[in-house]
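Chain IDs A, B, C and D follow the sequence of writing; residue 1 opens each chain.
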Amino acid sequence: MTDFAEIKLSNAQIAWRAAQDIEDGAYVNLGIGFPEMVAQYQVEGREAIYHTENGVLNFGAAPAEGEEDWDLINAGKKAITLKDGAAFFHHADSFAMVRGGHLDVAILGAFQVAQNGDLANWSTGKGVPAVGGAMDLVHGAKRVAVVTDHVTKKGDPKLVAECTMPLTGVGCVTRVYTSLAVIDIEDGHFVLREKLPQISLEELQAVTGGELKVQGTVADLIVPEL
Amino acid sequence: MTDFAEIKLSNAQIAWRAAQDIEDGAYVNLGIGFPEMVAQYQVEGREAIYHTENGVLNFGAAPAEGEEDWDLINAGKKAITLKDGAAFFHHADSFAMVRGGHLDVAILGAFQVAQNGDLANWSTGKGVPAVGGAMDLVHGAKRVAVVTDHVTKKGDPKLVAECTMPLTGVGCVTRVYTSLAVIDIEDGHFVLREKLPQISLEELQAVTGGELKVQGTVADLIVPEL
Amino acid sequence: MDKSCASAAEAVACIPDGATVMIGGFGGSGGPIELIHALIDKGAKNLTVINNNAGNGDVGLAAMIREDMVGKLICSFPKSKDPRAFTERYLDGKIELELVPQGTLAERIRAGGAGIPAFYTPTSYGTDLAKGKPVGDFDGRSYVQERWLKADFALVKGELGDPMGNMTYRLAARNFNPLMCMAARHTIAQVTKLVPAGGIDPEQVITPGIFVNSIVEIANPQQEEVLNREGAVYP
Amino acid sequence: MDKSCASAAEAVACIPDGATVMIGGFGGSGGPIELIHALIDKGAKNLTVINNNAGNGDVGLAAMIREDMVGKLICSFPKSKDPRAFTERYLDGKIELELVPQGTLAERIRAGGAGIPAFYTPTSYGTDLAKGKPVGDFDGRSYVQERWLKADFALVKGELGDPMGNMTYRLAARNFNPLMCMAARHTIAQVTKLVPAGGIDPEQVITPGIFVNSIVEIANPQQEEVLNREGAVYP
């Protein structure tokens, strides 16, 4: 198998690419961990409003160390700050926003994404299970995007014909930003939209578990050094 | 049929009697119209907190004429005032209080009450139908009491074996305060608790549509002139 | 982010014939009179309106009904001091009525906003209003299954608002307004005072801006009850 | 009306062995640490606890679990920086876990408070967490039926409170607290400041007093996150 370690995008670069698709005025929920990086690459001139499950809209960056107020945290239990026009609400209202279709985008991490849009990102099946808000977030947001390395640390595909790990949601993912490509999920198929120009379609297919369809042009995935 | 017009309780007196059973600290919803009179006879030294469907807890008497603020009304669309410790909330929270078992007492009017506790109080079956919060109020409150004349204007029983008018709720009424008696509903039966001393059990039964059971003593229903 | 609109007319211009429109308020309290009147000015036909009531007198919702803009009304209490506009059309079969218990109406609207397609309630079990609805038994008691209510538009009235759509409400004028904000695809709010973003304490926001699409300041809003006591007629 | 209590110890004295107890908070934010510690002082066995998490470190809920007071936990995310107390007991089969998606947990608690015995949600459909639950199809989409959650007691933390039980919350410390107030038979609240009735603007009340049974002022409440960063251990 080809090793793409030299050319693949870093997590920061994947986050940057995902950020380019967030429109001005969008309401966005970023999953805990890697997806949170997307906020750092918000496109100049666009304003996104970030939602966190524990009941805050329009929060901002982390405060300086020592300035934390531990009553003001995000879903990852990290200290946050507020922007002008923020609002607090309880958990039922917060998930009304999630399930009720009020978020424009949710961006999550993944263990596996299947070609029909199934997502597995909450359980490896071992140890203490913990789900948090993941199963809610995959339903309701107008777009459910995933940011992920294209393959596992062992080199196995994370984009698969069918998920083998416990599902987070059925047919819910609309777009995947990987370290090698941008792939939409349409009508039960992976549709390749962008790929690193250094990789051929055949090479990309070889590290992808489901068939990569091509509809029209495949654009070059060009991301700045970060 | 005996005419009890001379001795029967006035609406004010029925309301007074119902008010005697409202405990200190009770959360109470009073139906529009006649039931609202109960608030005027709150027992000295007891504090009841009144709830209105349109989202107010702990409201007080009507303001003086000309002092109304029409954003501050009750379910009957009458202007009200606030007591210290009042709270506003939206309609879903208001009916969460109703259905969720948080009210101690709801007191309503009635067209008919059946011996199994069925209530008919919203529709005569003619004209424009309107239900408001009646069907919600009969569910959830710990006690659902009715204040009513014992018979209709034509002299027909309002306490009946089975309701013939459209139901508001099934098996929901727990106590009825009438112009002649106080009657509990237990296990599908009218149980007579108090009656005007001037009326015999037989006379009362004659104007009551279901069987009046007696368990233990029937107390005299004594209400002051008002 | 600026959801503010220059006028009520501009705010309601997007409402087409045949739309489903939630209108906040309870009786004369909390009704967005200026938005309703702007919609009357614009004109729209065959609307489905969701409101607790059916209007009163000759202004607001009653005037919409009198102008034959409403084909169907979903409400709990279509009676008022002066319900002529609705009553005449209802008895003539010219307006359809879906009568819903008030708490069920509120919960169905909330469910629409919260992504809950159906729920069970004790309300209306065994009554005519439950006819044809599925019944479920839980813990030995019977409940009626009710469906969510959504709308294309909501017209609501707040007190303070900011350009992001955050809102507060005045006294009991809150009522259905925050729920309808959640349940409409496009929520249009009138507020008495539009303040800059940050002008409302985040802890005191009742409707977070995510539920509001456009917001217009109407500095001295009219009150249906007051208009009716003055015998006002619109237009 | 005076629901105020002299001390946390007095407020929690009524909680017996075997009770179901909702505990507000999300991670270190909004947890009623003093009430939890008072309950640890009092002692109670075989509790079913409903909280979003499973405690962190050696204080609060984690300390309750370490003291073997909890027989079952209903939560969405039993992981934290230092989840030892729970993890050890869970892996040893000494504590039962009901894992619920966070939004479903919130909605089930609200349903318990609102008299809604069951509702349908898209969340968890087709996953292991939906196993054994009824499914309903609405408008061409499949949903999972979820049941209400109620409790005997709720322990919550507010910011301002009055003797009638009205409350506000500080920043994001609101989270599950207002919902749990609704869903428990007996809600016990600690607040940073107890003000006289009338001391909270009725428009700014987040939890109306009807949902609260007793309220105790804890003027300088501890914060789980801060305690953990200090390496605190309770008792």
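Rule of thumb we're sticking to: contacts are C-beta pairs under 8 Å (C-beta built on N, C-alpha and C of every residue); 3 or more make two chains touch, one makes a residue touch a chain.
Treat the numbers as computed from the prediction; the structure is a model and nothing was measured.
Trainee: Identify the chains adjacent to both chain B and chain D in the sense defined at the top.
Mentor: C
Trainee: Which chain maximises the distance between its CA centroid and that of chain B?
Mentor: Checked the centroid distances; the maximum from chain B is A.
Trainee: How many Å are there between the centre of chain B and the centre of chain C, using C-alpha atoms for each centre?
Mentor: 30
Trainee: Averaged over CA atoms, how far is the centre of chain A from the centre of chain B? Could you give it in whole Å?
Mentor: Here the centre of chain B sits 56 Å away from the centre of chain A.
Trainee: Starting from the mean Cα coordinates of chain C and chain D, work out the distance between those two points in Å.
Mentor: The mean C-alpha positions of chain C and chain D differ by 34 Å.
Trainee: Can you check how far apart chain A and chain C are, centre to centre, with Cα atoms defining each centre and the answer in Å?
Mentor: Going by mean C-alpha positions, chain A sits 36 Å from chain C.
Trainee: Would you give the residues of chain C that are in contact with at least 2 other chains, written as numbers and ranges?
Mentor: Counting only residues that touch two or more other chains, chain C contributes 107, 110, 114-116, 121-122, 169-171, 202-203.
Trainee: Counting only residues that touch at least two other chains, what does the list for chain B look like?
Mentor: 56, 88-89, 92, 95, 98-99, 139-140
Trainee: Chain adjacency by touch: line, ring, star, complete or other shape?
Mentor: Contact map by chain: other.
Trainee: Provide the full list of chain pairs in touch.
Mentor: Going through each pair of chains, those in contact are A-C, A-D, B-C, B-D, C-D.
Trainee: Could you pull out which chain C residues touch chain A in their complex?
Mentor: Listed in rising order, the residues of chain C that touch chain A are 1, 110, 112-116, 162-164, 166, 182, 196-198, 202-203, 205, 208-211.
Trainee: Quick one: which bits of chain B touch chain D in the complex? Just the residue numbers, please.
Mentor: 25, 27, 47, 49, 51, 56-58, 82, 84-89, 92-93, 95-103, 139-140
Trainee: Within their complex, state which residues of chain C touch chain D.
Mentor: 107, 111, 114-122, 136, 138-139, 141, 143, 147, 168-171, 202-204
Trainee: Could you pull out which chain D residues touch chain A in their complex?
Mentor: For chain D paired with chain A, touching residues are 26-30, 52, 76-80, 83, 86-87, 90-91, 97, 99-107, 109-110, 121-129, 169-179, 206, 223-226.
Trainee: Which of the residues in chain A come into contact with chain D in the complex?
Mentor: Answer in residue numbers: 52-56, 69-73, 77, 88-92, 94-95, 98-99, 118, 123, 127-136, 139-140, 166-170.
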